[in-house]
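Both complexes below contain chain A, partnered by chain B and then by chain C.
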Partner chain A sequence: MNIDDVLKIFIAESQELLQQMEDALLQIEQNPHDPDIINAIFRAAHTIKGSAGLFGLDAIVSFTHVAESVLDRIRSGEMAFNDTLTALFLQVCDQLNALIAHVDAGGSLDELEPALQKQGVALTTNLSHYLSGELAVAAAAPQRATQVVRESSDTPNEHWHLSLRFGPDVLRNGMDPLAFLRYLNTFGQIVHIVTLTEHVPAADEMDPETNYLGFEVAFATEADKETIEGAFEFVREDSQIRIFPPNSKTVDYIQLINELPEEDLRLGEMLVRCGALTQSELEKALLKQSEPEASPAPIGEVLINEQNVQPQVVTAALQKQKQVKDNRTAEGNLIRVDANKLDQLINLIGELIIAGAGTQLAAQQSGAAQLVESTGVLSRLVEEVRDSALTLRMVQIGTTFNRFQRVVRDVSKELGKDIVLEISGGDTELDKTVVEKIGDPLTHLIRNSMDHGIEPASVRLERGKPAQGTVRLNAYHESSSIVIEVSDDGGGLNKDRILRKAIERGLVSDNQSLTDKEIFNLIFEPGFSTADQVSSLSGRGVGMDVVKKNITALRGTVDLDSIEGVGTTTRIRLPLTLAIIDGFLIGVGKATYVVPLDMVEECIELTSDQSSAARQSTSDYIDLRGDALPFIRLRELFAVEDEPPRRENVVVVNYAGNRAGLVVDQLMGEFQTVIKPLGKIFDNNRALGGFTILGSGAVALILSVPGMIGAIAQRQAAPSTAMTINS
Partner chain B sequence: MSTKKTILIVDDSISIRQVVSMTLKGAGYDVIEGCDGKDALTKLDGRKIHLIVSDVNMPNMDGIAFVTAAKKLPAYKFTPVIMLTTESGADKKSAGQAAGAKAWMVKPFQPAQMLAAVSKLILP
Partner chain C sequence: MTEAATELHHRVALDGPLTIYTAAESKAKVLDPLKAGTHIEFDLAGVDEFDSAGLQLLILAKQEAARRGCSLSLCDHSPAVVELLELSGLVSFFGDPLLIQPHLA
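And now, the complex of A and B:
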């Protein structure tokens, strides 16, 4: 792993943190004083600053530092979040995102685009207003006052305190205590010194070669503890030298401890790293700890007793240690894996399934019972491997949903409407590829709902609705699909207007009778969106037809329900996975087709009576326990020329509540199907969803049930025209 | 009589003597040199010496023997000693400590480190 790899991790981590920060900022609007949320925001900024420093991304460090300082004041209660501050911090998020994206793109932070640079300067200036204290004085005057005392650098607390007890033999060893004090003055200033004479004996008992004196020194220096201790390097072993940092240093140490990278450090190591403890002090303390007569006190206690470190600093270090440990346990259950590696694994499993099917077929043909048995076991195992491999790609949709809090907030401010977003089903899992691609269509649907759906507050009150509009995002599983709903409690769609417009544009003919649902779904037709309907908001040039196209590309479908005056619900149905499904093999003539097993409801026999009755009436319906079931003859659909067998079968499929029958020759059972995409030439063919390779090596087409059902519905709507399956 | 502090540097390596001597002279000390323990003892003729910097491993008379001898001379009983050593072995160090050399420096060192160590004990 080289530095670039680590940088990638940093970028991913920062993006996650920024997302968390943004989420927290949106929550803070409701609870401006919630310490957990404030802490979450602070932590995000803090961590980004810390790790950016490691990569020498100074521009990010200095920018985040200002933001963090403001957050720190909020955290300490000196000021509180308000709308202006929240907006400012959301901009800070955006700026950081832009900076990190810049780093991600391989750019140098020294050569920023002028706009980005300008924005950075503007934000820094804005933020530093909050640091000058003008705004905070009124809110927290008393606290501010104590702060000032601590911050001013001429108070006695600001000096290091050295407590020196030179050993009695120091003079005999050729060391002059005064030499050390003089040496101190080479890198600092002795502000105050008290000589301790209590050990000096009466004159006749006094040995002039022995040292009896001790010193308490107030010492002003910019140097660190290590340097100060170094001055006493040669007398350390025989003397007691204690060095106490200035008050402000304690705060610094605590901050340094918090900034330490999240490594598994021992307490002593941590204190040494931040400079609160020197290596030799630590060694001494460890020695003391291991003395046989000493009680086995924890190292922290020993250090406090020895007065090497302030208790507050030890507490902070212990906290940090715990935090690291906690994070570690949480992280311990997660491994970041390159998405490409996962894809590769799933591809291989696909190949494995195909190869397995081939083996099984060969086993069956050989007729060796033992071989059939063992290939059966093998294929069951392969199936399990497939299932667990597919779950590896599953992620919760909640993260994607939460992103829309920001969209809703921004757009509602833009529109001047009061709109909240309600989220449910965030723990529903779906394939990562799908999650990535669903963002844009969802954004468009949500913006649409807010722009066209939710009425202005005055109209809402007139209609007896609460002034605040609600947009809901919901997700749930339904058989092998995930359903994502975007709904609003707005004005709903005007059926007549849509129909009128559709007729105007020639999408439907005058005399066609359409159900409400069919009318509503007309808005997904290409060419429906009109200039007067698309405002600047409802999309970055994306019409509803593009939404539909995006979702179709994911093998999904979209439909819409609306009640005028009450609201609109758009439902997106997506397959759970894109790669491997359980299929059901059917045969027509010599060809084999696959239907996704989850969509198969039942299989029934099509008796010759039913078949001929249907042929005579030219209405392709059969009576399924009292219900009319429309059906398609695959033989006709795919223009298979040979004679149908005497007995045909109907496979009853169901998609999103619509049922249809597929008339086939043979039912051939379940088959694990690795979906391979069809070439571009099939793009317009809605009846096919892909192809797969059978155990025998033959190719089988995968039928797209939604496409079939759509074709049947179209045929019903326009019975006179020849059935087409090309859209 | 010079007001400068005098340092005796004892080492069998001429290059080390020269570097140390140059550094210390540059910092304002007077420096006299001895090329081994025996030679150095002849320099302890009663003149004021403020600090002795001595190598341990030397021909004729090693550093420990030299320091032990030097500490027996009343004029140099309280003279601080910095021992230079490459040995990290504790046995040599404790022998040196017993001889009265409390300050140790491990070779190799930078001239600045030498200067810092010296100035902790005596300022020019």
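And now, the complex of A and C:
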């Protein structure tokens, strides 16, 4: 067993526990007396301390111990959580995170950075104030605790311990498990043995020729490990043979407990089996438990108090028992998969789709009906594989949202404003890569809302709002996009001030007429900040433009609504996936283009009358059932030279509530599209979203509908500006 | 033990080898008697050969008896059975009085 692997598990688990502890601490502010939450915090600290002890991370053990002692007093009701304590424990969380990160980076806890060390001492002093009532006891207790933990790393146990699980076929192969035990007795002595009978099934299912037996053996011998291993040479392949040398570390036994086949055993028996405890010790402990005057302490605690077993062993055994129960109730188990493997799978499926399209094309050209039919079935299956592979990457955004509870809490303390975060739509799913990259932009937006948006309490009361400000995070799905909203009930944006500033900075000319929305969205321009005073959080003019850049990089868009005095809502719209989409193929001249199918609303014919009418009036609008639909001719946009065909078509696309028409020559139908990114040189081209490879091997450009609609809107705005200047 | 003690008290002699070679037919041999009464006793004096497969069958019978709510005891263990029960540490699992075999110590 490699100690590094186990250490990694410890680090990952501790980080998870700290996250839980932090979540619980944030909850405790609302319910300071909820015993479940208090217990959760205590458990997290306790488990971290226990596991850290196994790895000899004494600095973490002693630090956590003080925190745990305070928590214990809270748990027993001697004191209660208040704001100061919560803040202190959040710092404890951060400190532990820092310590664990230090261990993770391979650093030694003896050589901590001075800042970290100082912070640790400060926190310990702070914590020990809460223990002053029992200083004498507290001073003595930690020493004993560390002592126990120290001992645990090398408990003397002079026997070898063998954990034997013979494979089901050993009997049929002519080998008798008990004969191996008999053989062991020829070069040593079996000191203690437990035969596992639990795996013998009920009479009906029991196959008399299948082996169901397993053994836990304490074995005294002078022989070396090789000799013992040699005894099991013939069964090693299909059996699980584990050999622990004398004086094995407690951690080995914990691993053994974790690896034992799942049996709902009584804790004591399990410890006996592992040789960590003898039968008589267990019996003594049981006797103690049944004594009338003794408090009904759980057996685990009795054993620890008697110093017979290390607390870690008991904890591990208890966890194991709990896991066995949990696993039985919840069938839906989770598997942790390396994200790279998933990416690789998605890449392969992308290639599969391209290859499949080629095959289908070839089949259609060959005209063999059978071949066409089977490729049809194949492509349907590929589509299903694609969809289920893509859902593998989908995660709920709730975890990301919940992290902001802490951000809001800290920032509101820093700003001296009372602000709460309300979360909704946390179960909305989106691609993991997107979730990872959305954290920073969201932090910016939330901080902005808190700093600029929410007014000081006095102003709020004056305006007839509750003193407590609210920031809301919401997420929902809308036609192949996910929308994330950050809103606040603050002062809203001051339109005039933004415009004034924009003119000052030369972003717009002073006689340009802009809609409210256009003015608000100016704050996403680089180098724009409206804050009159610069705070440590925002107002330095970096932020909103970075937010926009980050979101554009994810093929998303961001816009903003605001009502002065009521509040501001920022909407981030992101594509659901980044890799593969359903596309709609259109042809212009000889070239083929792809539009994301989800954004296509309908296709209509552009009659020659309409076309020539539009050409004459140079307005580029058509009448779509009474509504004016702006359109753009791809032939002109991409400067296709050859003659347009007699009949042209209009593809009506919709993005974020805006509709536009794309005039094309040909409609070619649905196509599974693997999005390949375009080179840097196309970065400035907003009309293109990437490219894909068709079944024929030809390249088709993917049109970015948001970009197209933006281009149309700009073109419409241009003449009106001209008119304003003229007037 | 006589039939007069109680009608449901059965003493069954399991004779011959109880090993992997006879396991298939021995399964019925250890399970059938359980249907007959509430107190079953296996006489193991005639079990001249005994291995893990045989041990499993006795474990099965013991567990099955518990499921049916009847009691199963073993008596007159042959030396082969005693040796294996002691080797496997299952003497207390069956909970029957066992003659101490000085030659095995």
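Everything below uses one rule, namely that the second predicted complex is superposed on the first by the 502 of 727 C-alpha atoms of A that agree within 3 Å, B and C clash if a C-alpha of one lies under 4 Å from a C-alpha of the other, contacts with A are read in each partner's own complex, and residues count from 1 in each chain.
The criterion applied here is as follows: contacts are C-beta pairs under 8 Å (C-beta built on N, C-alpha and C of every residue); 3 or more make two chains touch, one makes a residue touch a chain.
Bear in mind that the values here come from a model prediction, so they are computed numbers and not experimental data.
Set against each other, chain B and chain C differ in how many residues of chain A they touch, and the higher count belongs to C. By the touch criterion stated above, A:Arg182 is placed in contact with chain B and with chain C alike. Applying the stated contact rule after C-alpha superposition, one finds that A:Tyr212 touches chain C and leaves chain B untouched.
Legend: residue contacts after superposition of the two complexes on their common chain; A:Asp238 is shown touching chain B, with no touch to chain C. Looking at the shared chain after the overlay, A:Leu171 reaches both chain B and chain C.
When the two complexes are overlaid on their common chain A, residue A:Val420 makes contact with neither chain B nor chain C. Of the two partner chains placed around the shared chain by superposition, chain C is the only one that A:His192 touches, whereas chain B remains out of contact.
Common to the chain B and chain C interfaces on chain A are residues 171-172, 174, 176, 179, 182, 209. Residues 171-172, 174, 176-179, 181-182, 185, 190, 192-195, 197, 200, 202-203, 206, 208-209, 211-213, 215 of chain A touch chain C in their complex. Against chain A, in their complex, chain B makes its touches with residues 77-82, 100, 102-103, 116-117, 119-123. For chain A in complex with chain B, the touching residues are 171-176, 179-180, 182-183, 186, 209, 230-235, 237-238.
Listing the residues of chain C that touch chain A in their complex gives 20, 23-24, 26-27, 31, 51-53, 55-57, 59-60, 63-64, 67, 84, 87-90, 93.
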